[in-house]
């Protein structure tokens, strides 16, 4: 089944105000472009599930789309620190209060994995002794449970499965059915997508079903579990995509600085989100403003994998 | 043999101290920045057989530039294995295969508990901090934890505002009572001013050596509890010229480390 | 660290009588050659963990190496049915009684996964109502436990983690440190190897560390978790290895028929295991007996994957 | 339109009956042999949008020969996704995404319970059988289960010796009481002699249609309980010529299906 559509249609059909939304990406393959469309559509009250959030979460919070955050770390990385919009929301409730449930880079993907496996909960061996157990947010008593291990009789910490309403992942390539392929750092995209009710795949390029079959081990999500496929070159910018483009740190720092004030944040949003219609419009604006050389300069240098034989 | 170098920055000395904690054959989990450089330095000097894991899912990365973060795409080409932070955290760390974890934070207390979550009240923070990421599980489950932090009175506190990463909690046996695996926990704190260890009886942090550019009194002044000092306290051994050369010319040619910390 | 050694040394050092041994492979990449060495060394009392056993399990049982079997299915495949040695052991105790704990292709890999995650147990949603719950073998009451889900209060079935003493996996390629790469069907090799205390990697070919780094997503086991690396071309024969050689069904049927009698089984073992020193000796004997054309005829036809860019 | 074909074997008719149970858009999990051919037939005729998963970890396989088993390497090249049976069982089946599972076995009983583990006592079996593999989880968790078996009195029994795969256990509500998800269970049994369904009230298997080459009496004779027969029982519709052509020329050119079953 051909599930190709543009971003506007994908978000309209599969993401709704109040949804729990899993966002893919870990340093690279971030869902920047999909987040812009969510902001343009003015969705509200989202619960974001994001293990290691990036710029897109800060935009979504600053634009007022987010009520709750299920996450493990909120730094934008070395030299960037916490997002200013995030901090305004947490510390001053601007534009709205955001509730946040703190987990870790172990427990949160374990919870997504439990979701992807269809089981209601899973044991973890960490958090003991930490204040992560002392303070809970919107999950309350369901943040974790301590039981007696039925095999060893020792205390066993169980964390609940997460099953978001919808997952958005950005991948290197997909076909029109939604078979999605990645390489490089994998993040928790597969876990998040498999845990979710609906799945939107955005891809740097659309390839044929035949081309997918030339290397089927790279498929992290088979098409039958995917609801929408969007061809979206530069979809992760200013974050990187292995094999396509590098991180645009200069652009990120520009946002970081602008977002220190509400006016600066709004200016950025107007220029890069509201005043462009879609990602091609965004890329066109970037090129116009900074020149084609800067965009070209981000493109990946070659470092090609060897071919392997799938024959028999 | 090596010549000692008088020309070094506090951060470079921290990296050298970190490297010295690594034994050949150790399996390390590191973030970018100082820990990555420290581990790389150890691998290039006395610990060629150590294995470096990046929290982002990369084993034995071969970056050709200073990574901007732990998930920088420059860490992928040439690595021995690239998958996910889930693989690192769950199948290598949680299963008990990590010897050393490097951690940082905004506050550390005398039992080596680390706070990277919030200053002030958790629900109404004066300052919200990044949160755990991989820090809490690493602090729970790695055999030895090395803490690297800038020294300051508001950072070396008697009790952290929030325990993101458990050290020795409130003293001997507390980790085990809380449910953490035996034979784990912080073994050293490396600051801009000195090197600290934990008393094997009391589990309290004490000053092992002060960096040559500072004094014991200065370290005490920048610590917010009554810091115990080793009777054998001495200046931290200087970096070697070779170590400084490796750092500056090969491991951090862009000088990112120095840029970040200043 | 260079961990290259020959099969003799790898088995001598890392597999011992009485061990619980995980065997990798699922239709392809079977540990045929390692199993022959275990038989030659006369190991006894092994507990095999094998999700979907193949010819090698039948050889090991017939040769008297096995006391216990933790498995999910014991057919050798369409047209082959159950191994004759397996059946003699189960039905007549020849050469020795083998105890078998029956699980499924869901629960057993879940148990290996729990082992690989370092957690003591994991929930599964199956087996309810089946006689798998009614009859247990050597695990007794620890085959499974039913608890009340701490989140939903519904009954929750927990199965125990498995942590074998040693895992043996056969892969397409590895380097001398043990970084092991596969493509094609993955089976449960990664779960089994990560759940085990020691890991032996046998590989069709040894490649350089630099070559591993050209496609690091294909690594299923990083070298630091591996104890021994054995270069073993044709190591899975008569089972297949994607990209190297096809299944040798004729040879398998020959064994299947021979093994119907104890004498036939012993004849096969003498000819193909005891009377050859190692896998090169086995391959040489095969060539001598059946001709080089038949061996060549098994070699894989080309079906090459496209190269992908890991650059940035 | 299609012409009906009088030239068919019982196994070919079984495959056609299997294909007819598949709706467009269904997600199927199949083994090799008859189920694979049935699913392929459906995909080539009325259900082009169905997705075929092989238990071995392959999605949408494109084999160029008849696979010798579910893990035959010929299933890999050209597939949409290739990973592991764990992925299939845990992340697609256990999570509730499989519409149809095809199963076989050595015994089936009137409630659709299947035995593929042992004949006689479990601990001292007269005949040890393969065991569950993926059968038990598929029977537990797929929305609709189709059972394909050769008809024989010792195979169609009142109560199986061992329930490897739960059908309706001992009647209405028993699956749910045992802890299995609602709206799952066997929907049809396709044998060499007829097509059976389950009464929506009693959950007991009854004869829906007898294959044209046999009679109701023959089916009853080859069933070891008092088989109920649909008041509307009729001969199973013949395969179409196109279906037979597809099976013989394209889906099973090596005639493996026929070889295996004879």
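Things to note:
We call the chains A, B, C and D, going by the order they appear; numbering starts again at 1 in every chain.
Methods note: a residue touches a chain if its C-beta (ideal position, glycine included) is under 8 Å from a C-beta of that chain, and two chains touch if they have at least 3 such contacts.
The structure presented is a predicted model; accordingly, all values stated were derived computationally and were not measured.
By the document's definition of touch, common neighbours of chain A and chain D comprise C.
Taken together, chain A and chain B share the touching chains C. Summarising the inter-chain layout, the chain whose CA centre lies farthest from the centre of chain A is D. Should one ask which of C-D and B-C has more C-beta pairs in contact, the pair is C-D. For this pair, chain C with chain D, the centres built from the Cα atoms lie 29 Å apart.
Centre-to-centre spacing of chain B and chain C amounts to 40 Å, using the average Cα coordinate of each chain. If you average the CA atoms of chain B and of chain D, the two centres end up 58 Å from each other. For this pair, chain A with chain C, the centres built from the Cα atoms lie 37 Å apart. Among the residues of chain B, those in touch with two or more other chains are 58, 72-73, 76-78, 82-83, 90, 94.
Residue positions of chain C with contacts to 2 or more other chains are 110, 117-119, 124-125, 184, 186, 214, 217, 240, 242, 246, 303, 310-312.
Within the complex, the chain B residues that touch chain A are 32-33, 55-58, 68-73, 75-78, 82-86, 89-90, 93-94, 117, 122-123, 125-137, 140-141, 162-166, 169, 174-175, 178-181, 259-260.
Interface residues of chain A, counted against chain C in their complex, comprise 110, 117-125, 142, 145, 147, 149-152, 154, 156, 158, 160, 172, 183-184, 186, 211, 214-215, 217-218, 240, 242-246, 300-312. Looking at the complex, you find that chain A touches chain B at residues 26-28, 51-52, 71-75, 77-79, 81-82, 86-87, 90-91, 102-107, 109-110, 113, 124-132, 135, 155, 157, 184-188, 191, 240-242, 246-247, 249, 300, 303. Residues 25, 27, 49, 51, 58-60, 62, 72-74, 76-83, 90-92, 94-97 of chain D are the ones touching chain A in the complex. Per the touch definition, chain A reaches chain D in the complex via residues 1, 116-119, 175, 177, 179, 194, 209-210, 212-214, 216-217, 219, 221-225, 310-312.
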